[in-house]
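Here you go, one structure.
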Amino acid sequence: MSPAERADLVLAGIEIAGTLAFALSGFIEATRKRMDIVGIATVAFVAALGGGTLRDILLDRRPFFWVERPGYVWLILVLTVAGLVLMRARHVEFTGRAMRWPDALGLGLFSVVGTSQALAMQQPLIVAALMGVVTGVFGGVMRDILCNEVPTVFRDHRPYAVCSFAGAWTFIAAQALAAPAWVALSAGIGVAAGWRMLALARDWRVPGWTGR
Amino acid sequence: MSPAERADLVLAGIEIAGTLAFALSGFIEATRKRMDIVGIATVAFVAALGGGTLRDILLDRRPFFWVERPGYVWLILVLTVAGLVLMRARHVEFTGRAMRWPDALGLGLFSVVGTSQALAMQQPLIVAALMGVVTGVFGGVMRDILCNEVPTVFRDHRPYAVCSFAGAWTFIAAQALAAPAWVALSAGIGVAAGWRMLALARDWRVPGWTGR
Amino acid sequence: MSPAERADLVLAGIEIAGTLAFALSGFIEATRKRMDIVGIATVAFVAALGGGTLRDILLDRRPFFWVERPGYVWLILVLTVAGLVLMRARHVEFTGRAMRWPDALGLGLFSVVGTSQALAMQQPLIVAALMGVVTGVFGGVMRDILCNEVPTVFRDHRPYAVCSFAGAWTFIAAQALAAPAWVALSAGIGVAAGWRMLALARDWRVPGWTGR
């Protein structure tokens, strides 16, 4: 296997792990809201595929990535049914903690991929960085809207979207410096995921208006 | 009148009845939320036309069906004003029960039409079925989001989206078996609407996470 | 400076003032919800740029106006950070009252611009008027959805969307009468903004269902 093939394999693995982590976040929130299987499956879909879909609508890209690879749709559908069966049979409880690493890596990957696709379409740099953030973060925003909550990412005070933003700019900078593709990708993913994990470990906060 | 013309007439009738039933569901929910006429009209629009619009955005189809036939926009606008005048003058109360048949038929028709349009654009089968569900169900989802509620269809535990999904697959199967267009259409609409009405009559439930 | 140049300058001034007023409305609502800086910036973006973006998606226009002029994105980003710093340092409180004139003028301008763009794409008149309303009003609708509120414009009972609608039809009528561009623009903006300010001053109400 050549290094390029190996890199592709790693990226595909991160993409699948990240998508599943995002889908699981939707599954968990929907079951907390006592939704039925339709709601749980829809919220899992939207959490996993919504960010990339919104990016593609904004960039006017078709077909969507999940139309090109409908396996993702089937995968989420099967996992939703399986997860529900498991929860009812065994009283398994899913918690988010084990998902932190795949979630952070998925955030990094999606942010960088979204930025890269926007750059390929000659978008301005700030727009490309925002497209990265949309790809990484807006699945979760739409998940929370469907669950009738203020989006977690807007009020969590823990770095999430800012990690995505930083990863996007790291990727942009690396590309501007003519770094090889895999270096730019790794740097972007590493900064986003690394900062996210460090922020969780150290309990860093982003500023907000908490006053009075 | 030829059979084909008669079939077209029946379909047009179902489309109008279904659209009005969906619009009325928006009207009712918006008045319950004590919205003003702007909110009531907007929620009625979104409930009636939102699912098809979202499908067209996802499939990148233009013009929207309500841009091709702006009569629908006028119709909903006039009915909103008329409904409000009626409610204020006579204390008429609109209830959803009388709307069950037009709503179920509309669900069936919109699901099948959405699926058919996606198939015509060579989408994968699972994507085509989902586009049917989006067409039939997401007007109601957006209606509930605008009203700041968890979408009914996600937590109702009564079959609605699954009827739409079943109707979509029935249509896909009938087309794959080279059934004539009107047979495939009727089968899809019949399965979706029939299942929906049967489920309401027998109080069937879809599984969900209700535990502990 | 020719009269045409002077008119362009006035319009550019209104556009900037209106965009800032809309962004500030998002800033205020997000801080009230005690969001962090990510939420505040996102809600400010969506309030300011969401209406025009939704219009462009519905009309399938690309690039978005804020992609053509990314200065708007930077401006909102910088102002969000500056506003937050100011609030934390000085306990400044932003209130909506001072924003009434720029907000009303922005509403008028965006409504007329949205209508004009839809007309240029040969949309039916009712659709063009609705596109004006979407441009003027739906940034605020999306702002409120992100903040998990029933959109203010749907239940405020004070004319806002109807002013936008009236401005759009004024512009359409003026164009149909072959009025010069600047006359049609001023008439549309004047009707929308003027009615809005008058309605606030006189405490006019739009009807709704407030009964029982």
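For reference, chains read A, B and C in written order, and residue numbers begin at 1 within each chain.
The rule is short, and it goes like this: a residue touches a chain if its C-beta (ideal position, glycine included) is under 8 Å from a C-beta of that chain, and two chains touch if they have at least 3 such contacts.
What you see is a predicted model, and the numbers here were worked out from it, not measured in a lab.
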| item | value |
| --- | --- |
| Arrangement of touching chains [line / ring / star / complete / other] | complete |
| Copy pair chain A, chain B: interface residue numbering same or different (half cut) | different |
| Superposing rotation of chain B relative to chain C, computed on C-alpha atoms, to nearest 5° | 120 |
| Whole-Å gap between the CA centroids of chain A and chain B | 31 |
| Multi-partner residues of chain B (each touching 2 or more other chains) | 57, 60, 145, 148 |
| Residues of chain A touching chain C in the complex | 57-58, 60, 123-124, 126-127, 130, 141, 145, 148-151, 153-157, 160-162, 205-212 |
| Chain B partner contacts - residues on chain A that touch it in the complex | 30-31, 33-40, 42-43, 53, 57, 60, 62-64, 66-67, 70, 73-74, 77, 84, 87-88, 91, 145-148 |
